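Following this message is one structure expressed as structure tokens.
Letters are used for the chains, namely A, B, C, D and E, taken in the order the chains are written, and counting of residues starts over at 1 for each.
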Amino acid sequence: MILATLLLIPALAAGSIALLRNRRLMETVHALAALATLGTGLTAAIRVWRGKTEIIALDHLLRADALSALMVTLVTLLGAIAAIYGLGYIRAEFDAEHTKQARMFFSLSQVFIFTMLLAVTTDNLGVMWVAIEATTLATVFLVNLHNTQNSLEAAYKYLILSSVGIALAFIGTVLMYYAGSAGSGEIAVNWTSLHAAASRLNPQVVRLAFVFILVGYGTKAGLAPMHTWLPDAHSEAPAPISALMSGVLLNVGLYALVRFKAVVDITLGSGYSSRLLMGIGLLSLAVASAFLLTQRNYKRMLAYSSVEHMGIICLGLGFGGYWGVFGALLHVINHALSKSLLFMLSGNILLKYRTTDIRRVRGLLRASPLTGGAFLAGTLALMGLPPFGPFISEFIIFRAGIESNAWVAVIGIALLVVVFAGMLASVNQMLYGEPPDKLERGDVLKWSMTPLAVNFVLLVALGLTLPSALTNALKQAIAVLGG
Amino acid sequence: MFVEIFPKLVNLLASLAVGTAFLLIARRDLRGQVRLFAAQSFFVSILAGVIAVFARSAELFAVALGLALLKVFIIPAILNRAVSRIGLQRAVAPYLGAPAALFVSGVLVALAFYVMAPITASNPLPTADAVPVAFAGVLIGAFITVIRRRALTQILGFLMLENGIFLLALLATYGVPFIVEIGVFLDVLVAVLIMEVFIYRIKENFDSIEVGEMGRLKG
Amino acid sequence: MTASILIEAIQLLIVALAAPLLVGSVRKLKARLQGRRGASVFQPYRDLRKLLVKEAVISENTSWIFRFTPYLVASVMLLSSLVVPMLTTRTPLGFTGNIIVLMYLLLLATFFLALAGLDAGSAFGGMGSSREMIIAALAEPTVMIAIFAIALRVGSTSLDEIVRRGADDSLLLLNPGHLLAFVAFFIVALAETGRLPVDNPATHLELTMIHEAMILEYSGRHLALIEWAAGMKLFLFLTLLSNLFFPWGVARTLEPLPVAIAFAALALKVGALAAAVAILETSIAKLRLFRVPELLSGSFTLALLAVISFFFVR
Amino acid sequence: MTLVKKIWTTPVVTEPQGVIIEDAQIEIIARQIDERARKLFGRSLHIREVDAGSCNGCEIEIVALNNPYYDLERFGLHFVASPRHADCLLVTGPVTRNMADPLRRTYEATPGPKLVVAVGDCARDCGVFAGGYGVFGPVSAVVPVDVVVAGCPPTPPMILSGILAALEKREQRQVEITQQ
Amino acid sequence: MTINEALMLNLLAGMLSSFGAGAIGALLCARWPRAARVVGHTFALLGALLALGLGLAGLAGGTVSVSIAQVLPIGGVALGVDRLSAFFILVIAVAAVPSAIYALGYTREYEGRYSLAGMGAALNLFLASMSLVVMARNALTFLALWEAMSLASYFLVMTERDDRETERAGWLYFVMTHAGFACLLVGFLLLSHATGSMEFAGWQAGAAAVTGTTRNLVFILLAVGFGSKAGVIPLHIWLPQAHPAAPSHVSALMSGVMIKLGIYGLVRVGFDWLSGGPAWWGGALLLVAAISAVLGVLYALVEHDLKRLLAYHSVENIGIILFGVGGGMLFQTYHLPALAGLALIAGLYHTLNHAVFKSLLFMGAGAVLHATHTRNMEEMGGLIKRMPQTAVFFLIGSVAIAALPPFNGFISEWLTFQSLLLSFQIPDKAVNLTFALSVAALALTSGLAAACFIKAFGISFLALPRSEHAESAREVGFSMRAAMALLAVACLVLGVAPFTVLKFLSKTTSELLGATPDMQFTWNRIVTGGSFATVSPLWIAVALAALLASIPITLRVFRANTARRYYETWGCGRAVQTARFEYTATSFANPFKRVFSVLYRPVKELAIEFHPESRFFVRTISYSNEARSIFDDAIYGPLNRMLRSFAQRVRLLQSGNVNVYLLYILVALVVLLVIAR
């Protein structure tokens, strides 16, 4: 029941906002819905983890196990933060004359949340596919919210590439379904049943299927070389949406990938998927590092950094073993927290400087100390420095890597140094120096930034300690994946 | 008798469907392209109907009808509306000329047979022989999106790819569960509607629907 | 105890008093070799006495460093004279330090002299300092490698020990490494004491000067101290050369007779070396400044060969 | 090797006393310096040469003092590079306008007690250059001169005798100074 | 004497809470710069004093071990103090105490210009993480603290952030240090994988089982990682950029202490974690030491930026320290633990000494910077009259770093020489020659270092001021002078009474090597290698002082003329004496440049502008003679260019054309399918 509620809230909110005329009312509904979703999501997740159980609803259409609970937590938490930040941001971006855009933003945001929640709580792989495809459809207008040439271009590319990519994932789904039904007669296209039948699947078919899944959902997860839409879309979308897309949506893509990986590993052993994941992870890392080294646009920088981190997570998954997966999941959380923080801050910077060119953003620390400081902290976290969470998760991932595939890990670490060099140069350029003369001093959207404190606190907390509750939750999630 | 004819019929219809995709590669005018897509959808829905009869599946028959409705009528109608609204388009050569593109498509078909061989081999269904053909349709659809410069043609390529996938699912497993199919239809419909909007916006912003114009976001 | 104090006093006096004589002798011998009569061998004493009665003209730009340096330089030489085994192998103050300490003490003197050269702000002084330091720096490796060669042979770097064990070794001169080390050290000694072919102590031309350029500003008692110290430095180096490499006649005890013999032996050996220096200075020309590194690297190679020969020709 | 041979075979060329009259004179003069200098400078006199505008004729003669024939050094006389080291300034030439100031500075830079010997006719009264537009005046117009050595150029023995005279004169002054 | 654990724990807790209070206090006072300055630095001083106590207590034998499983979840935080850790805490504290005092005055200038709150917080964090990192007892704790240290120091480097040069310096520093960190990470992970433990104790226990390639690989990785922090050549390029950019007390800390933690790591690797290895380990370290020492000082010689010159000297001194460490490793390989102990003592003692005199020198340079607002030596001069006390302190530092008696640098360099000379006990001729060349390199280094500090002191402080900045310089404030005075006294004390430290050090090395070092010492004498060598530092100082006093007395006795007359500098009688006649730093260095031109590859430029009416009159002549860095040209430049051009080429992937993007997907699919099939 709780899962249905969880899905219902954003759906209803989306519908009602679409009908509303009053701006203030829209904002209220939006914020309240986000908070309600957060509450429900957390309750559901805690129930799953506490009871070491899963929640099943609507005749097995919806099912939440520990892994889903993790994703639900992330989606609802970051959704709520982005929603609250978004109130201020949208108010600053769209004045009273642009209520239409505001309405579209609020409404589609809710749809976006809904589709993501659906994707991670359904047991039906087909429905999951539909939901993930729907995330694209929900966000494509959000990317194009400003309706500029650039955003249009980004949105179109996003639409076409994601659609083509995700279509391939459907082939994978069909093939898995086929492998399941061919092996054991009639089965549902449910993950649970597929998982149960995994050992009897036709390995040849599963091999092919996983390639489709990898390319398909990999497109959604922003893995190279299917990542090309990502820097465009993430950099053109409004900040709160960028935050959600980079912070959560990519993870939803990965989530789908991981679900299939769990099945594939049972059929083929973990070597096959590991090799593919490590390869594609390294490629993502390499491509991202090249782009980060010479990046001139800070939103694109953040976007490429997402590619990089997705690569790291893939490496973690590829390294496998308890710790590899543990590190990967932990890194999912850390990356989501830090990237969403940074994308929202990039909104602040954009509002302040009215440019996304790194070279024209100078003296951020002096111009807006709060934004600058938080941006610095976020970047440091992203670059894997203590005392922030990613330091720990990367350490865990690479420890697992040295123990299983030392060379891959070493190359990965070397590429991270290149990434570090590139990002640090960009950040240095932005934070320090003398701000432009005509720029007013002071932070914009000071109060909207309050929810970002949650990100910050969580990042630091995860950098210093791992609460046993979290460890348990991750342990259960890993168990779901068969680790 | 129907049992004997059935695989051949399936093969024929699948080949026809993929054949229309080949034609699309050669075709330049937008209306003709839309018509080709409608034709392909038509073959696919006929095939779905045939399989539904063969498998005695009411659900599948409903899907076939739905498909026919959606892809033979609604979507072509939408696309035709778009074609009329954007007006006449200057003909632009695709990235690859028709002969070369046809050659590559041939290679893709061979590849499809190569890749899908294990599935054909392991599949007990009578429709299995046509699975590679369906996959060839997928690849050609994707290939069309790669070589064509106009947004509308790219969308058609995507839709053909979608058809290929449907065909693949149909041939390999007699279709996926109903709810998924409905969801997919819904997605495709929404996607096409969104794409239509985008085509207008692109036309408005760039004064043509050539995707090559959109090359400002680099690096 | 008394004997110890006596020995040290004698050493101090020998160095302090004989240094001008040594300088005078070298000059005299050079004059004779050049076909001149030359000044008396006691001329340096006269020069020093005269300088002590003159006033000191000091540049207005200088600081206390300029005035302090002559005293330090002289003190360092006097301290060194207490440490170098001159007459016996039981130099009472030998514990002060080994040969490396000695070299660093001398470097301390050079350090301040070079600072003093810069202190007046004259271009000559700066030039002298710069040149003096590059030569000192380039000489340093040779010194240490030569010391290494000695340490290899006698198993010690303590000055007394080297002399004592060297004296026990009757086949000393047959050892090629030993001779190589001697030659290397000799060249370095020439460089360190500012003799030809590295530096011409008698030059009048500022642009060719090294040591002289640094002390161009000094006058009166300061100049006297520096000249005296330079003499002592020469004396110390010649003593080192003679006693470390030819430790003949050095007393093993503090008895009067052996000490007296040692005194005579020292006079002979230092005299011979001084003659060698004079002959050398007469027969060669000064090297251009940028040829000096070649000379020093040559001496370094010799020292290194000495070390190698000790490893391989044992 | 040839050098060594040459050194070996060449006798001391410095003329011993009493061979030629002129040389005998030098020797006598030298001895006189010797006595005076012993009193004042302890047989050590360091000389700084200043060319205040000379035609270099005098310099050639002065240089000759250094050669083995005259061998100045044997008397404890020595040319030095810096006035700081010098006891005696040997000034040649008419003092040109440009050299007047440097000459004064050189004098000041020399630590006392000190002597000044003006060498040559030009140093005495500007010689043939007297009245020239670039000529400042004789040496005595710039610094206190102890002795003037006439001649154009003066011979090396004359220069030596000049230094002697300077010592004599300075002795008196020295006495005066000490009396104050 | 036994130190109980409670005391140690209290000291540790006190230190951490002081630093914590300093950091938080400074941040809380962000609105009141003056308060932030005072609060931040006072607590830093307090913490440093407690660290001093902790270090001393640890050296006296106190131990402590703390582990908190809740923090840093994988393995928890594990801290412990043994003598080696305690010694490095001492080194940190010895530089930190004066730095904090100095900063109180030095940072007054920053009020209103730069964030003092951030600076105070970063300084406290920096000190805390440095003190903690040497106490770390497992891999993650070490790595986390190591990065925290780099991070804090990066912020400190970026203090004067308006400067583009600073930005670049900070970037280079952080990237290099992060690259080093990456090496450490891999090395640590390999080692923990091979020994099956993340604890240092486990490494030590399991090290013997680690053999072959892994062992060598771990050594290389850790050596490179720690070497990059220590700034050995060719990993030094960040050092001459970052140290000058930082505020001077931070430069002092970075140069004096932080780079020593690289040495700490190397000592741990060589003598504790891996405990011994093949001869080439030590040989490689000696080689690196020789290169770092000689090239470091040579680069310093041609440098005219006072702080950068000092930074290059840090490279040199790290080389000298490594002679000790590398030599020690070689001795250990040949089972000569007593000599290994001696060599290690030499290295560690030089570590302490360098911390003292380099801090002193950086503070002196900071004082000069404070007074003249320039780091360019060519604009200084004559400061000894304007800043007499600073000049004395800087001179003491210079003499100490030139390793001249009676100051501290001499003792440690002497010990290093002894340990190198005693190498003839090793029965391997190749190794013997290596040592011989090391001796030569060290000797050359010390000679060049003396030359360099004659330049540094002589050009900056002596003669006439070369610019108006220098003309108007004034002596700096009390706190800065007090800090320098403390360090100057320390230079002398460590130079004349080395037994105070040697006592602790010989226990430290005994603990590490299990054998007493080949050295005896009393309050007045150090004897190494039996009777191989002796030195009596106190006697040298006393005798020198006595002789110095006796000479003027003797002169009086002989009734020497004591009159003194001041007159202008002799300049061949020219009319005016100005600073333009002085020898410049460039000209001082020129002979060195010519002699070592192979290395410097100087680029000379002579531009003469003639008078328009006659070629015989010159209007201006500008001469420049720049040395180029071999490493920038040969390694980093090409690497950087290669990476960038590669990145540029990769950027073409994102061409903006959606068709191409679709092609990527298609190709990826096809390729993967073919592979999977």
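We take it that a contact is a pair of C-beta atoms (placed from the backbone, for glycine too) under 8 Å apart; a residue touches a chain by one contact, two chains touch by 3 or more.
In this text, all values refer to a predicted model and were calculated from it rather than measured experimentally.
Both subunit C and subunit E are touched by D.
The largest tally of C-beta contacts between two chains is found for C-E.
Centroid distances from subunit E, each centroid being the mean of CA atoms, peak for B.
For subunit C, the chain whose average C-alpha position is most distant is B. Among the chains in view, E has its Cα centre nearest the centre of the complete protein Cα set.
Per-chain CA centroids place subunit D at a distance of 58 Å from subunit E.
If you average the CA atoms of subunit C and of subunit D, the two centres end up 34 Å from each other. Put simply, the C-alpha centre of subunit A and that of subunit C have 78 angstrom between them.
The distance from the centre of subunit A to the centre of subunit E, each centre being the mean of the chain's C-alpha atoms, comes to 44 Å. Among the residues of subunit B, those in touch with two or more other chains are 115, 118, 142, 145, 154, 211, 214-217, 219.
Counting only residues that touch two or more partner chains, subunit A has 156-157, 160, 164, 168, 208, 231, 291, 294.
Residue positions of subunit E with contacts to 2 or more other chains are 565, 567-568, 570, 651, 654, 658, 662, 665, 669, 673, 677.
Chain pairs that touch, as defined above: A-B, A-E, B-E, C-D, C-E, D-E. Residues of subunit B that touch subunit A in their complex: 115-116, 118-119, 122-124, 135, 138, 142, 145, 151, 154-155, 158, 161-162, 165, 168-169, 172-173, 176-177, 179-180, 183-184, 186-187, 190-191, 194-195, 198, 201-202, 205-206, 211, 214-217, 219. By the touch rule above, subunit C contacts subunit D in their complex via residues 27, 31-40, 43, 46-47, 49-50, 54-57, 203-206, 209, 212, 216-220, 223, 282-283. By the touch criterion given at the top, residues 565, 567-568, 570, 572-575 of subunit E touch subunit D in their complex. Residues of subunit A that touch subunit E in their complex: 156-157, 160-161, 164-165, 168, 207-208, 210-212, 214-215, 219, 225-226, 228-229, 231, 276, 287, 289-291, 293-294, 365, 380, 385-387, 391-392, 395-396, 398-399, 402-403, 406, 409-410, 413-414, 416-418, 420-421, 424-425, 428-429, 431-434, 464-466, 471.
By the touch rule above, subunit D contacts subunit E in their complex via residues 82-84, 99, 101-103, 105-106, 108-109, 111-112.
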